[in-house]
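Sending over a structure as structure tokens; questions will come in a sec.
Labels A, B, C and D are assigned to the chains in the order they are written; within every chain, residues are numbered from 1.
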Amino acid sequence: MIHEFPVRVYYEDTDMGGIVYYANYLRFIERARSDWVRSLGIDQNAMRGEDGVVFVVRRVEADYLLPAKFDDELMVKTAVKAVTGVRLIMTQDVVRGDAFLFQAEVTVVCVGIGGAPARLPANIRRQIH
Amino acid sequence: MIHEFPVRVYYEDTDMGGIVYYANYLRFIERARSDWVRSLGIDQNAMRGEDGVVFVVRRVEADYLLPAKFDDELMVKTAVKAVTGVRLIMTQDVVRGDAFLFQAEVTVVCVGIGGAPARLPANIRRQIH
Amino acid sequence: MIHEFPVRVYYEDTDMGGIVYYANYLRFIERARSDWVRSLGIDQNAMRGEDGVVFVVRRVEADYLLPAKFDDELMVKTAVKAVTGVRLIMTQDVVRGDAFLFQAEVTVVCVGIGGAPARLPANIRRQIH
Amino acid sequence: MIHEFPVRVYYEDTDMGGIVYYANYLRFIERARSDWVRSLGIDQNAMRGEDGVVFVVRRVEADYLLPAKFDDELMVKTAVKAVTGVRLIMTQDVVRGDAFLFQAEVTVVCVGIGGAPARLPANIRRQIH
């Protein structure tokens, strides 16, 4: 199952090269992950406030294929590649129509207070079973 | 007394207009305020962790006079304009050599847990007496 | 006439105080201005590519009234306060339901290559006549 | 040879988790690359203005090992791993004292107007011969 999340490119996202600054794709795909998590019924504010648990990115592999420009309407496509009790691996592509601009594989974990590893929420662990 | 803080312009700061994106001057002047506060012996981590108190900006008046470009070496000049027990008003100019690029007047307060107003640290209240 | 533009708060927008970082409201209201300009049929890419003209912010007066938090659904309300041939003054409020979080008055001009002043697009100059 | 570049963590870099937001490490290491390029006598403004050539990131592999916090003094350590005529591969670590917080391998190319590949500047091609 692929989660789709639209992103419009604004001035803030561009750099003097006239294209989207490379770090900003990580902002785009994080918005998509938060939207996906929300769609699973998970409230990150409650996770953090009540359980002291937050999502943390452990690893990103990212390929920049084609540039995005101001005013572009992009789509972030997120799919779960693997889930264990404590680790979630996703693929996250940014496309403009049929063109692949950016492709990433992102590993996320949960950590509690003080940075100790915590189990992923059950709603996520169930995603690919 | 004027506090001086150097800022170099990087790719991340520019937009497709080839100049520094307007919101980023607020980042520059916040770095300068944090540096000034640190120079007064105030540890914002301790303020927040032990006292639950953080600085919050209440008002900004900003004039954009000339654009800054990639690789520019800028200077942020910060001066205290007024201090009361709970309110600090500063002027913060961004210059490049003799040229004024940006001028702001910034009002800062302290708030405690839940957003209640708190007294400014004594080191700051002493600044202009 | 008031232009409305929704903004969701993501991780990238927050700071360690647990609220939206003060500079990021300027990003939010710039998205709203770009959306408003697009709704008037103005293509900023074409303006820049064909005419060498870009919008530039000259002045911002901003009041921070209440904090926004992660996952908040905000609305940016933009209204034209005054237009001359070369200068556009807008009010831009950020609200969450009935609560006013942020209020700004923003002055925008157009500049051509080398920074020379240019006339605002006709579609904008017509807005309040 | 290892290029060292200091980075201080400011409010703008943190998120509501109280640590540096994951995308911001890409900003930190880009500052270090720009500083390294400048130290080789390469003027990116001239490259872009006269030759129409800019550096573009093609691939990033990044591991997030330990979190950085507000006010931390970090060091970005950049080393060239491989250079061909058109491709530069670097390792970029972010450390705090002896602790490794972030490790990346970054592939950079040069592109000309319209995105066509261009040769890397000679000063860079000479780096590991």
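Assume a contact is a pair of C-beta atoms (placed from the backbone, for glycine too) under 8 Å apart; a residue touches a chain by one contact, two chains touch by 3 or more.
Because the structure is a prediction, the values reported are computed rather than measured.
Across the assembly, the mean Cα position most removed from that of chain D is the one of C. When the interfaces C-D and A-D are ranked by C-beta pairs in contact, the top one is A-D. Taking the mean of the C-alpha atoms as each chain's centre, chain B and chain D sit 27 Å apart.
Centre-to-centre spacing of chain C and chain D amounts to 32 Å, using the average Cα coordinate of each chain.
Centroids of chain A and chain D (each the mean of its C-alpha atoms) stand 22 Å apart.
Listed for chain B are residues 11-12, 16-17, 23, 27, 30, 69-70, each touching two or more other chains. Chain contact topology: the protein chains form a complete graph, every chain touching every other one. Looking at the complex, you find that chain D touches chain B at residues 8, 10-12, 27, 30-31, 34, 38, 43-45, 69-71. Those residues of chain D that touch chain A in the shared complex are 16-17, 22-24, 26-27, 30, 48, 54, 56-64, 66-67, 115. The touching residues of chain B, counted against chain A in their complex, run 11-12, 14-19, 21, 23, 69-70.
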